[in-house]
Structures are given as structure tokens and as C-alpha cells.
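Here is the structure we will look at, set down as C-alpha cells.
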Amino acid sequence: MLAVAADRVWKYFGDYPALRGASLEVHKGACVALLGRNGAGKTTLLRILANLSRPTKGEIRASVGKSGIGYLGHGIGVYDDLSATENLILFGELMGVADPKKSAAEALERVGLGRVKDGLAREFSRGMRQRLAVARAFLHKPEILLLDEPFTSLDDRAIAVLQSLLKDALASGATIVMSTHQIREAMELATDVALLERGKVVFAGPRAGEMLSDPTWLYRTYGEPA
Amino acid sequence: MREKATYALGILGAIVMIWNLHHIFTQMAPESAQGMAGWILFIHVPADFMGDILYTVALVTSILFLVKKDFTYDSISVACIEVGTMFILVNLVTGSIWGKNQWGIWWTWDLRLTTQLMKFLLYLGYLVVRPAIAEATQRATMSAFIAIFAYADVPLVMMAIRLPNVRTQHPSPVIETGGINDVAVPFVVGIIAQLLMALALMLVRLHQENTRREIDSLRRELHAL
Amino acid sequence: MKSGLATALTIARKDLRTELRTKESINAAASFALVILVIFSFAFNLERDEFYAISGGLLWLVYSFAGALIVNRAFSRELPNDCLDVLIASPAPGWAIFLGKAVAAFLLLLLVEAISLPVFGLFYNIRWTESLGWLVLIILLATWGMTIVGSAFSAVIVNVRLRELMLPVLLYPILIPLLIAAMGGTTALFQGEPLTGENFGYIRQLIGFDAVYTALALYMIEFILVF
């Protein structure tokens, strides 16, 4: 069963096509590692899947509405002048969570920020801010998670927290699409892999053995020469 | 082909305008032309008309862009607004000169002049903000939004300056004429001349806008390589 | 799932809470208003009775300058940490996000105006407590017009270079019909005239402006937020 799919999506910025007929089918319960060089269109594709941007041509199909999607982009997406708890309660309310206060408290515990729940986000260290961002993305137990280079510049504690949350999410049937340069961390969790090259998906399939042992294999086999 | 059309329209417009001025100075009775300074009215009034027409076209193409997302509409919008604002500026300047000649003052805050200045200011915002938006789709979308807001303001301005104690009436030009036909011809011909020139200018601007977008996208493609 | 209006309220509360915690833009706007009030005292050397003729104009100059500062923050406060993306990706409808921010900006600007009014009355010896009802009506209507248009433009230029410089160029021409009515009506009130009969035109103009731009802004904001 399809969780989310992009069907021959084109995205123009002015006259420049960032996506040129990108097609991707993501089945429920899969964890897709979206690879590609900078400028390949990973962020553009994820933003379109997250309803932040509209495709110029082509279609997006998703099995859930906006309340079932969790998005973690480049920015952490929390307010510096609100406390960790206030932030999560706010986003809980926006995402339609049944009991925002309870969910917020649980999420903070889960990412190890329980003790600083009333601290303002601006007072947090970088690693703590990242964990708060992760808490926000997973707060409403989304069925589809869209993560744009989530491992970039995380400290080790944040990486551990994120990987643990991702594993739990997959275990409860969520679907994950994750763009990344950190191929190793992503490959551990990935069930499927897709390679985006110049706005097109040039490879999409299950994660194979070669990919795990040699992360650059995919680029060499399907991508353009460096 | 496009270049030839542009030159043809521009030259034709210039010829018509020169013919019109010649007609005004040689054929018309001096009273009809408000004395020798009155000829400027035959540029001043058509310019207002052209400005309004172009702003209205820009409104329509702005709405069309938002609905259809076709950049042709955006190019037409910006060309219309730039050329239209130029015509309003011509209208303001010629009106000021005529006013100085007739009543001895360069400016007065009456209804008409105030309205025209307002139109200029509203679309000046459009012209100032548009180049500051780097990305083409965003630029076109925001421009369309601004153009629609600006157009909606014009009737509100016209109502507001008629509120008590705000502005005085524009002294209506009293045109002593030999007959309505006498004055109508130069006005209509003046409009035609300006229309031709407007079209020429717009073709230039349209081409420039399309080229710019192409360059931007090529530049971005180059960076991605 | 919350209704749109409930979402708007949530966003409004959030904006108010963050602003009241730091008070950054309120302090800036109120200080600016105070400074302008002082500077204007040097602009004219009028007798007290003559001054009434420009009193409304001065008050709304001060309010509109302060307003630009407040309103600019409406969407620019969402830029750090990419919070705007999270709002747009959420199920919250675009118009609800916008309305919540406009309401918050409206209340913050009212606060600055309420602080400035007694200072204005003090510096310029204007009796503003008479006809307070009409004055409050003008202030509410005109402030709403300023915030709804200002918040819309705040969203338009949120990603534009030199944002703070662009907003006045865009905003003030559009506001002129509103300011004309507010200035005229306020001057009439300070001069002791009630806003009835011919003077009711000022109120009508304000209502017309508010209706047109509230409808336009709410309808068109979706185009600006996602494209």
C-alpha cells in the first residue's frame, strides 16, 4: 500500500527546473534513504511532499493529510522565546493532538529534555535544540515522516535519540523518507534507497548489500560521473 | 521580427505624435488650444488615459498569473505597470507645467493632481519591491499580489479625498472651442500616438523580462553542474 | 481537529506571548512614537487653538509610524529557525495563520497607541477624553485597517532583501485613504465636532477600507504562503 508517491513531478523556479519529472513510490512501513548530490532536488522534493511547495506539473499522492505528516527541515522549527513545553503544546494543538500537554511531556522525556522542560529554547545548547526539533517532528506520532538531512550537525546524543525514535516509528508502522549525506547512519535504518540526480529519480529500489558495504556504490553505478 | 515590430511601432507612434502637434499648432484656432501652452493638454490627458488602461490590463494579467501560473502574464504585468507609471509621470509633469503656465503655481493639492500622484506612489511600491525578490516564481507571485492591492486602493483614494475638508476641486479646464470636433481629433490622435509608443515600449520590456528569466535559470543550471 | 478560528486564536496567543515576553517591538514602537511626538513639537510654532487643526494628522502620523514597526514583525518573527515552514506544513489553514497574526499585531499596536495617547494629550494640551466613544471607534477601525494590510505585506516581503525599507514604500501609499479618514475624523473630534452628518463619512470610509482589504487579504493570503 502506498504511503506517499510523487508522479512525474516537475518544479520550476522561474525557468529553471529543479525537478524534472521525478517519480517516487513509497510503500507503507518503508524507510527510504533519499540520496543525491547538492542541487539534485532532494530538498525541493521533500518540501513538495510536505505541502510547503506546489509542483508545477505532476501529482503528489499521500495516504494521510497534513496532520499525519511530520516534517523536519534544515531549521529546527521551534520558537526561541517559548519554553520547550510551550513549544510542543503549541505544535500539538496545531497538529490536532488529542491531549497536547500530555503528549508534550511525554515527548520531552523521550528525547531526554524532561528536566529542562520549562527552559526557553533560546537557552538550550545546540544539541538540545536539535533534540527539541526532533521531539516536535515526532510529537503527533505521524504516519509519514519527511526528514531533510536530519543527521547533519547532530551531536552523538542527538543522533542516538533520532535513531531510536526512527526505529520506534518504523516499528509502529510509520513510513519515513529521509534525505541524507550521512550515508552510513541512514543505510542502517533504510529499507529502500532512491537516488536523485538533476531533478530525476535515477534509481529506486530496496537497499542492497553493496550499498551497505560501499556507500558510494550507488553514485558510481547509477549516477553521473563526479 | 520582434525587433522590427518594435521599431515600426515606435517610429509610427513618433510620426503620429509629431503630426498631431503640427496639426495643433497650425490648424487649430488658438482658443481651442488654450493659447500656445494649451498644446500640452493633448499630451497630458491621453497620458492619464494610457496609464489607467495599462494599470487595468496589469490587474487582469496579475489575476491571470495567480490563477494560471503562466509567466507570460507576469511579463505583461510588469511591462504594463512600468510603462503605465511612466505615462502617469508624464501626466504629472505636463500637468504641473500647464498649471504653472495657467495659474502660476507648479503644484496644488487638488483632487485630480492628488489622485494622479497617489497612483504613481502606489505603483512605485511595486517597482521598488519587485527587483528585490531574487527568485522568479516568488517575484511574480508577490508582484501580482501588490498590483491587485494597489489597484483596489485607487477608488478608495478617490473617495477619501472627497471627504470633508480634505481637498479642493481641480479647476476644470475651460476650453473655448470652435466645436467639439475641433478638440476631439487631437485628443484621439494623441491617444493613438501614445498607444503605439506604449506598445513599442512594452515589447522591449517583455523581451527584457523573458531574457532575464532565461539567464537566471541558466545561471542556476550552471551552478548545479 | 481544530476549527480555523480556534487555530487563529492559538497563533494569536503565541505571537502575543512571545512578544510580551521580550517586548522588543513594543519597546521600539513606543519609544519611536515618543520621539516623534517630541520632534514634532519643534516642527511648528502654533498657538494652542491653531494646533487643533493639525492634531488629528499628527496623532495618526505617530500611530502609523509605530504601526509599521509592529506590523513588520508579524511574519518576520517566523523566520528564525524556519518556523514559518512548520506552520504552513501543519493542518492550520493559511487564512487562519494570517488572521491570528493580524489579530496579535492589532492588539500590540493598540497597546502602543494607548500608551502614546495620554503622552500626546499631555505634550500638546489636547483634550481627548471628550467624545471618547467616537475616538475609540476611529482608533479601532483605523488600527485594524493598518494591521490587516500591514500583516499581508509583512508576509509578502518576508523573504525580500531590505525588508524594513520595503515595507514603508509598499504600505503607506495603500494606507493613505485610511489615514485621510482617520486624520480627518480625529481632528474633527478634537475640535469638538461630533462624527454625525457629513462627518460620518470618515467612519464610512474606514469601514469600507477595512471591509475591502480584510476580504482581499484573507482570500489572497494562500497564494503568498505556498507557491
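Descriptive notes on the structure:
Order as written gives the chain letters A, B and C; numbering starts at 1 within each chain.
The working rule: contacts are C-beta pairs under 8 Å (C-beta built on N, C-alpha and C of every residue); 3 or more make two chains touch, one makes a residue touch a chain.
None of these values were measured; they are calculated from a predicted model.
No other pair of chains shares as many C-beta contacts as B-C. Among the chains, the centre nearest to the mean of all shown protein C-alpha atoms is found for C. When you average the Cα atoms of each chain and compare centres, the chain farthest from chain C turns out to be A. Chain B and chain C have Cα centroids lying 31 Å from one another. Inter-chain spacing, taken between the CA centroids of chain A and chain B, is 50 Å.
Separating the CA-averaged centres of chain A and chain C is a span of 39 Å. Those residues of chain B in touch with two or more other chains are numbered 137. In chain A, no residue touches two or more other chains.
In chain C, the residues that reach two or more other chains under the touch definition are 227. Chain C makes touch with chain A in their complex at residues 1-2, 7, 10, 14, 17-18, 21-22, 80-83, 85-92, 226-227. The touching residues of chain B, counted against chain C in their complex, run 66, 118, 121-122, 124-125, 128-129, 132-134, 137-138, 141-142, 144-146, 148-150, 152-153, 156-157, 159-161, 163-166. Per the touch definition, chain A reaches chain C in the complex via residues 47, 50-54, 65-67, 69, 71, 73-82, 86, 90-91, 93-96, 136. Residues 149, 152-153, 156-157, 159-162, 166, 169-171, 173-174, 176-178, 180-181, 184, 187-188, 198-199, 201-202, 205, 208-209, 212-213, 216, 220, 223-224, 227 of chain C are the ones that touch chain B when the two sit in their complex. Taken together, the chain A residues at the contact with chain B in this complex read 12-17, 39-40, 56, 198.
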